[in-house]
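By letter and in written order, the chains are A, B and C; residue numbering begins at 1 in each of them.
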Amino acid sequence: MKNQITNAISDFFFEYETPRQVLVRNRRVGVVCRIIQLGVLAYIIGWVFIYEKGYQSTDIAVGSVFTKMKGVGYSSMNGTERIWDVADYVFPSQGDASFVVMTNYIITEGQKMGKCPELHGKHNCSSSADCEGGSFKRTGHGQMTGECVNETKTCQVLAWCPVEDDLVIPDPPMLMSAENYTLFIKNSVTFPLFGVSRSNLVEGIDAGYISKCLYHPESAPLCPIFRLGDIVKQSGFNFETIATVGGAIGIVVDWTCNFDVAVTHCKPKYTFHGLYGNPAETDKARASVGYNFRYAKHYMEDKIQKRTLLKVFGIRFDIIVQSLARKFDIIPTLTAIGSGVGIFGVATVVCDLVLLYLLPKRAFYKNMKFKYTDTHTQK
Amino acid sequence: MKNQITNAISDFFFEYETPRQVLVRNRRVGVVCRIIQLGVLAYIIGWVFIYEKGYQSTDIAVGSVFTKMKGVGYSSMNGTERIWDVADYVFPSQGDASFVVMTNYIITEGQKMGKCPELHGKHNCSSSADCEGGSFKRTGHGQMTGECVNETKTCQVLAWCPVEDDLVIPDPPMLMSAENYTLFIKNSVTFPLFGVSRSNLVEGIDAGYISKCLYHPESAPLCPIFRLGDIVKQSGFNFETIATVGGAIGIVVDWTCNFDVAVTHCKPKYTFHGLYGNPAETDKARASVGYNFRYAKHYMEDKIQKRTLLKVFGIRFDIIVQSLARKFDIIPTLTAIGSGVGIFGVATVVCDLVLLYLLPKRAFYKNMKFKYTDTHTQK
Amino acid sequence: MKNQITNAISDFFFEYETPRQVLVRNRRVGVVCRIIQLGVLAYIIGWVFIYEKGYQSTDIAVGSVFTKMKGVGYSSMNGTERIWDVADYVFPSQGDASFVVMTNYIITEGQKMGKCPELHGKHNCSSSADCEGGSFKRTGHGQMTGECVNETKTCQVLAWCPVEDDLVIPDPPMLMSAENYTLFIKNSVTFPLFGVSRSNLVEGIDAGYISKCLYHPESAPLCPIFRLGDIVKQSGFNFETIATVGGAIGIVVDWTCNFDVAVTHCKPKYTFHGLYGNPAETDKARASVGYNFRYAKHYMEDKIQKRTLLKVFGIRFDIIVQSLARKFDIIPTLTAIGSGVGIFGVATVVCDLVLLYLLPKRAFYKNMKFKYTDTHTQK
């Protein structure tokens, strides 16, 4: 008994099965079949392996972005000159991946809590009956007191008074000098699957280079310092337009890396595109053009709380890190090969269909390929 | 010699191999085998191709979100009426994807640097020996001076004085009117693999529609303007509860798109769910209910730096963009087919096991299937 | 006719094809072939299924993070003692996933708009000819008036005056006490594909535990409260260095979950690493060490707008949520099996090459395996 098992095992190891095949010598079918097989082979090698790099596994990075603006703005209104530095025109101030640079503004100084008439054009009234006391309007500035102010023919509201008048946007924008501000981007990415970390300050981008370089798509594609005017231009906007009504620009830092070559070839690529509010886009995008928000600076004057309200128009920058790293991996390689062998089988099936159903001598070939078990004993 | 090679090549192209097969005419095995094969076919076509759309490749979007709140709040405390506009109740003000709407607050006005007793209930003392000078408590308001204040029986601290008393949270919340604020969401996504960009202001959502629409899951599912009360309700919270202690709500913008059909069918879907601090959840979540943070407004009074401290309770909204686009791609299609052919082979293997090991006539079939090389010469 | 079709269908269901095979009894080829086949089998089972878990599909989470700092800082400058609480040292205040804790600062009090000389060392001049009126310098503080100030030998600028002097960074840092601040992280993740939501307040982490625990990699790996000094140490920094010049630390919350086991085993893992500005890194990283930003507090004094400018040095924390969940899925399982069967086919092809081209008896085996159709009639 034990001997039998040993024999069976040794038999198993000393023999192997290989399919018996018919070698069909037929020009027509042969050529068709070889072409299909070569096509499959070309597809597997050329497309899956070389073009789509099917022998590599992919990974997406986790990253971190830090930004810093430099530059000084200058505005002049009613003879008052004013300097805007980085603490004044960047929101938020701490260097996030998403931030706004103020380029235009409507300032309402010395607001305090009180009762005053609404802005003309909004909540017009002819008598107090038109102003329901205690109610709010969605686009109003405050709570209606129920009175109609004769001078302005608008309802009186409890609000920060005087209410902001934002009917006219300053044009040209107050801070055209924003065009010359510079933006410094620090970005580090880590590909957890491959254990590789990279920074956009790649080899050769040292403190000396940074202190004097300025990004240019051809001559300085790795310099992490960008002129605002250049960014706006490359994303297809006109600076004066976007500075007046505001807009949003995405700065894509693209890390497409192949870790089968040296890691130093893994370098960022910067591209710029408008996110929304692009005046050059089709109508649907124009449905909501511009970018603005309101911001208040509070202070006390004569024991009364007051605030300076700024309606800020600006360019919002979103640093979007896009990443795709590839590296040789045995699993996708073998999966692609195995799947390719399967498709090879499909080629044979197609040729067999031609051979067995279309050729004049199909009966002959059928007989060659198949052997029939005697079925009459079964039926 | 050259002739030989040419012959070999022409031979290769004019012939092809096809496996010889036994056509087993056996009802039992035949039925079993056909059912397995049909099952595999049904799985490949029905499941992989139709249900899981295995003929498509997938892509995830990079996107950008901008938000804008509208609405005016009203509070009345000790007879003082106060209006809260968007510059007062949104943090941060610049329209980020993650922001807080203030719904309740504890205000401590006129704080200045100085020495004052700690809050009652914290750092109680009976004598100065209980207050170690120069030390801090993790939940205290300042640095202990080492003195015990007789009147309050608490340690004296160097802190912003008077210290904030946050033992009682105002209930009902100060700004119940927040329920009627509206939120406008602008979201644009780009699928880099397919080169498609979409905005949530899809076809038909123009400026005219936006100016008067309000999101409703059935009647206006594409309107990008949301009433706060609706959002809170749909995420399963009670507005008064969440407004009192604060909470966090995720607004998921779901872009599940099939680019094999027209791109205009790719539309966002909005869903709302509580993120943490959901009072309806199990105990573990309740471990840390509510959402609040502290915020200070600084000012100068009589040459002394003072501040107004606000403990802000509010609803934090996180706009989460979720995306999955699909499009026909030759690679996953052929991989699925190739893999399916492989599984077909498994079906044949299973049938062979039945045929060669289980049937009574197994010896007969074995003989039909296999041809043995004469092995005695090898052994 | 109808009968014929019925017959064909019944024939189809009651028969099946199985390839005819040669059972080659040859020790050398048999052993080689069996070893290759066993290798393929071991690869499919061991590597694809057990090691790489090829029978599972994967999903990435969408999540939400909320942070809260606790602790009081103390600074003493020129005899003035000052307390810094959470409203003073965290930017932004509302508990975002990315925030800055101030650890050092340069304060410039009482700035107002005016004309004053530039900082010494910048824009030096010997006469007014060196200062071009109306122009800006990229690193300057304002707009040059065109005058050279004799006392300082620098150009006069229109700016917030006096200009900030940031040549000397306070060392030791002003807020060394930041080491004892604590950070509380709330993080919830949702795996949309599997419909599972988890919070970092997992089972057993209740309000009682949180009130007294402190994260420690071994003894309290699930406590969501972190001491700043511990975080800095574990990310490889020296606290005093990073507190002086600033830096950035990534807190990775890693959710690697297997949903084939109970969902309660899905727990977060916290790791810490420096993002940029790590002084221990290679030269390229040192190109831009430190982290700082400028922040202004505005106030009115005697009807004049003034501001206190803070150059804030601090530690920027980025909470990075990394997630990968796996669960059994029939599609990847069958794809892996199908692909494995394909690779099995490759093994047979390799053995055939040995058998038909390398063995001395290759002609004999070739004759066994192949059957030739009579080709003379075709040529």
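The rule is short, and it goes like this: contacts are C-beta pairs under 8 Å (C-beta built on N, C-alpha and C of every residue); 3 or more make two chains touch, one makes a residue touch a chain.
Since the structure is predicted, the reported quantities are computational estimates derived from the model, not experimental observations.
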{"item": "Co-neighbours of subunit B and subunit A - touch as defined", "value": "C"}
{"item": "Relative orientation of copies subunit A and subunit C, as a Cα rotation angle in degrees, nearest 5", "value": "120"}
{"item": "Classification of the subunit B:subunit C interface as same or different, half of numbers criterion", "value": "different"}
{"item": "Approximate Å spacing (C-alpha centroids) for the pair subunit B, subunit C", "value": "17"}
{"item": "Numbers and ranges of subunit B residues touching at least 2 other chains", "value": "15, 17, 19-27, 92, 299-300, 335, 338-342, 345, 368, 370-371, 375"}
{"item": "Residue numbers on subunit C that touch subunit B, as the complex places them", "value": "12-27, 62, 64, 66, 68, 70-72, 74, 81-83, 85-88, 92-97, 177, 180, 182, 186, 188, 192, 199, 201-203, 205-207, 210, 297, 299-301, 306, 308, 330-331, 334-335, 337-342, 344-345, 364-365, 368, 370-371, 375"}
{"item": "Interface residues, subunit A side, partner subunit B - complex", "value": "15, 17, 19-27, 29-31, 33-34, 37, 43, 47-48, 52, 54, 91-92, 98-100, 113, 136, 138-143, 158-160, 248, 250, 252, 275-276, 283-288, 291, 293-296, 298-300, 303, 305, 307, 309, 312, 316, 318, 320, 322, 335-336, 338-343, 345-346, 348, 351-352, 355, 368-375, 378-379"}
